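These are the structures, in structure tokens.
Two complexes are shown next, each including chain A; its partner changes from chain B in the first to chain C in the second.
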Partner chain A sequence: MSHQAQDFSLFRSGEVIPQALIDSQAFRSCFTYTDTQGTSSSWLTTCFVENLIFGTCNINKDANSFKTSNFSLKNPRSRVVIVSFLHGISFYNKTWVKYLGVESSFQGDENLSFFDLSTAEAPVDKLFKPVIAALKSSALPCTLILDHPELYFLTNQCSINEFMSQISYINSLANVLVSTFADANLIDLNETDSSTITHRQTEFLTKLYHRSQGIISIRPLETGRADDVTGTITVSKGSISFEDEAKNLETNEQQYLYLVNKEGFVKVFFR
Partner chain B sequence: MAQSQPSLVLLNRLLSLKEPSHFLLCIDSLFQSSFHFTRELVRCLPKETPIIYLSFETINAPSFATDFLRCDQRSIQDISNNVSKLHKDSTSKKLVLIDSLNFIKNEELASFIRSIADPQTIVFGTYHQNIPRTSPAQSELKDIPPALSLLQFIASSIFEISPINVVENGINKEGTIEEEVMESYLSKLYLPRNICNRDTYKLILTNRRKSGRALIYKFKIDSQSHTFSVFTEEKDTDEQQPQTEADLLRSLTTFSLTTSSRQQQAKEQVDLPFLEAQSFGAGGAIVYEYEKDDDYDEDDPYEDPF
Partner chain C sequence: MSFRRRQEVIGGAPSAPSPGVNSSRNPVLGAPSRGPLSPPSRAPLRNTPHVNPTGPSPGLHNRASNNDMLTQHPGIRPSTITSQPTLSTGSADLDRLLAHQGLPLGNSLLIEENGTTDFSSVLLKVYAAQGIVHNRTAGKLNTHVIVIGSDQHWGRQLPGLYRGSSKEQKKNKVATNESKVTVGNINDSNLKIAWRYGLKKDSPSEELSDPSQTYPNYQHAFDITSSLLPAPAANEMSFVPLNVPDYSKVMLHIQRIISQHQGKLIRIVLQSFLNPAMYPPQLIQHNQSLNFIKSLRHLLHNSPNISLVSSVNLDLYPRHNALVTMIEMLFDGVIELKPFPPELVQMMERIYKNQPAKIKQGFLNVLKLPVLSESGLMVIKEIEYCFKNGKKKFEIEEWSIPIDEEEEERSTTKDIEF
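For the complex of A and B:
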């Protein structure tokens, strides 16, 4: 008796990031993944990096799955540019050694570049200058991962519209995956005071949702803590769909339970 | 059916720009965006209609757009000047599509739309109602109404889009979700799967006639098959069935007198005190337990009333 594979996928085709999306020259996508204090999404960022470079996904198989791929860090499916406003590269290094096979002293290279903007204070119009230069100079398709960009506008004088404008511009150069916080205390749709953190984060999230093809919500269990479940992952359609060049792509709406064990290995199950 | 026909004709006439409406406002939400409805509008347009797409948030220029202008870093004056220069000599009506009116300041909204819209230029703009608004105190003009109210004043037709599978509280049907539950999801910005941004959705059309009369119609739009039909409320289908107390109370007042299925479920799970007392079959019995100081005489026939 065969069992349905309980694999994590973002697309109806069963893939996490399909080749058609990476190869598409005219169409640029945006996916938003939200997390909370208790359910960090850093493991999913590593999972996306692995999938974009190797085409494999450790949570669907095992930690060595990247070794079976035809792609490598020198010959990737897509170049990956990570812009982190939360962590330095050392935060990811340990897991990347395990799941991407890089050296422990890895500081980024041409195909997996890392920009640490956790202490950035540059004005918003100059903030992404090196990132834009990296995206423009690449001959290979690039995918950009923005790691908690809200930390910039929450700590600097910058309007959400100005910040969104920058995101729009870099999204016009590459497919974008944005991770951001969605804790309950940061969201209030009725807050009207634009100087508060709640208003700014809610405005950012709602505007981001309206330009995303898919929303991934990583949340703790509503029923409380469990030993064998860390939380839930819900993949739902964003406000816009794929069309024209990418019309055959469709977001795979699904809900999963997931467990991050002591070794940091993640397992997902259908809900 | 005969009643529904004029409303469908009106909808088709509005979408094909045959009605004298200069500004069509579309109000959408995170649960159901205007993406599919905009494509329906484009499908209904006469073939030669030039479409000027003003993008405040769209990255990919849609193939149907004759002109695609990125507006996020332009001034309102600049956008307006650019639009007026485009298709100046066109004999047919032109459509200006604005993907999000939320990015325009409150105080500039009315003048911006007035500067573009005219009998030959129809403006179709989307307003995302879930994006938090900024209080007037943060704006330069303190007494200006909120953007949505202002847009509703000046729009000649309003299209309000919502998911079709969100039902009133108290209605339980497979594949649907109650308004109350959706509101709790919205407050957490959590989008449940298989509910949001579907191909089939509900549309509430408010059309303002020149006389001042406003006509309101509800439609079910299927963007997969491109069909429009009159929306019938879920409760209409159950008319033949006897009405329950909850059904009778639902439309009685503006107060919520009914209980939702979730509340009903919670209510049923509560164990009431004195369960033993409620189990009396005969009813009306008085149970008296004697205490040590009570004076009870077994020989007295009138002492024990039972």
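For the complex of A and C:
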């Protein structure tokens, strides 16, 4: 009796990020993944980095799966640029040592570059200048991961439209994955005061969803905490489809249960 | 037949009576005139009772040879989960709750409190006092406390070390006396038997396996009814005022203090964050306050010797407020103190009228744990723990619903009658 592999995938092809999406010259995608308190998405960021570079995914196999790949950090599937507004590189290094095989003192290289903008105060039109330069100078396809960008516009004088236009421009140069908070306290569609955190975060999320091909929501269990399940992952289609630009690609709408243990290992199950 | 008085040092000079002890009740006997007993023949006996339970183990000696401050500091131990250097919050139960046996360095803890009580300030004070006590026990300045928003008056309110109940103090005194080489102690038949059968051989390894013995000065118990004396000096504790137009001045002040205290462990206390009584209106703006916490977070994550504990009042800023949600996101650990509603307090007082120690004061909810929450582990535990602020310590226990036996009995009786 054979068992269906309960693998995590974003696409119908069964892949997390398919080669066709990376190679596509004409089309750049945007995926949004949201987390809440209690379900930090940092492990998923590491999973995306591993998949983009090596084509493997530790949560579908094991921590050593990257070692069996034909790709390496020197010869990656896609270059990865991480722009983090929440963490420094030392935070990710702890898991990258395990899942990407980098040194613990790794500070980034041309194929996996890291921009720590956690205390950035530059105007929004200058904020992404070094990032855009890195994307433009790359001969290999690039994927940009934006780690909780709301921490920039919630603490600086910057309109959501200005910020979104920067993301749109970057998205024209590279595939983009955006992680952001989506706690219930931060979202209120009836909020009218445009200066509040709730209004700004709601506006950002709404506009981001309308730019995305796929939305991944990581949430705690509605029934409360459990020892054997951390939460749920819901993959759903965004407002923009792949149909026109990349007809063969289709978001795999699916819901998973997942478990993170104290050692940081993640296991995903179909719901 | 002559008797030698107990507690008398053999062959030693008669000791001066300790202060507080009535010398007339402790007459000095002429022990030297009886001639010294032969110490070498009693060597095994002397060794066993004289193992210093708080003395440094060989492992500690190795660590001490390392010049690195983090390994030399008596108030730092490795996290039991991640092996990161970790310091004590000053409350043993809170250290246990944080899963690392303390707060990992470079991490922050936010204590949220509902209602008009002020339990969080007790935790902040023991956190600061623990740093000062490390200075005093080590005999050198190895820790500096930075208090944001309060003045020297706050420093003078830090609790002193818990010396034990009067019963325990008496017991300790007896234990200290018994550890001395006296005729009474050496004649103790139990020790002879223990030595003969080798029962004492295992004791050193047992001591090593006990964390409190491996890290003897890691954490202390504090008595909140007493004061830490002498009060922290300027070279032990600094105060950062908040009468500034924006937080950049506060950050500069903090960074200046840190640079003045290089090579020390820094404990930052941020009391009653955003309380309008302490914070001027311009500092309560959400983008300013979030920027400040972001800057502190960046400072902590890039410094291996700093930790931060803060408190916020949830009556002023409820948890459904987006600002509080964002602040929680930026802290590495978050706990919530939720005092019991009056009905529950009355019920507990009724049920535990003969066991007052069982009466707790509120729920303690865990919302985030340092390092673990960031890695994606789900650690939210609501109404699973309760707390009690006692004289001796801030107790945290698992919550269990009290059973009203009288009520149960009444209902059973009724049923039978029916």
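In this section, the second predicted complex is superposed on the first by the 269 of 271 C-alpha atoms of A that agree within 3 Å, B and C clash if a C-alpha of one lies under 4 Å from a C-alpha of the other, contacts with A are read in each partner's own complex, and residues count from 1 in each chain.
The rule is short, and it goes like this: contacts are C-beta pairs under 8 Å (C-beta built on N, C-alpha and C of every residue); 3 or more make two chains touch, one makes a residue touch a chain.
Everything numeric in this text was worked out from a predicted model, so none of it was measured.
Under the clash rule set out above, the superposition-derived model of chain A with chain B and chain C shows the two partners fitting side by side. Of the two partner chains placed around the shared chain by superposition, chain B is the only one that A:182 touches, whereas chain C remains out of contact. In the superposition on chain A, contact of A:225 is made with chain C only, not with chain B.
By the touch criterion defined above, A:72 reaches neither chain B nor chain C. In the superposed model, A:95 lies in contact with chain C only, and not with chain B. In the superposition on chain A, A:13 contacts neither chain B nor chain C.
By the touch criterion defined above, A:236 reaches chain B but does not reach chain C.
In the superposition on chain A, A:261 contacts chain C only, with no contact to chain B.
Once the two complexes are laid on top of each other via chain A, the angle at chain A between chain B and chain C, using C-alpha centres, comes to 110°, given in steps of 10. Judged by the touch definition given at the top, the superposed model places A:197 against chain C, while chain B stays out of reach. Here's the short version: in the overlay, chain B gets within 9 Å of chain C at its closest Cα pair.
In the complex of the two chains, the chain A residues touching chain C come out as 37-44, 86-88, 90-91, 95, 118-119, 121, 151, 154-157, 181, 183, 185-186, 196-198, 201, 220, 225, 230-231, 260-262, 264, 266.
By the touch criterion given at the top, residues 81, 286-287, 290-291, 294-295, 297-298, 301-302, 319-326, 328-330, 367-368, 372-381 of chain C touch chain A in their complex. Against chain B, in their complex, chain A makes its touches with residues 26-28, 30, 34, 161, 164-165, 168, 171-172, 182, 184, 187-195, 199, 202-203, 205-207, 209-211, 215, 217, 219, 234-241, 243-244, 253-255.
Across the complex, chain B meets chain A through its residues 28, 30, 33, 35-36, 57-60, 62-63, 70, 72-73, 100, 102-103, 128, 130-135, 137-138, 186-197.
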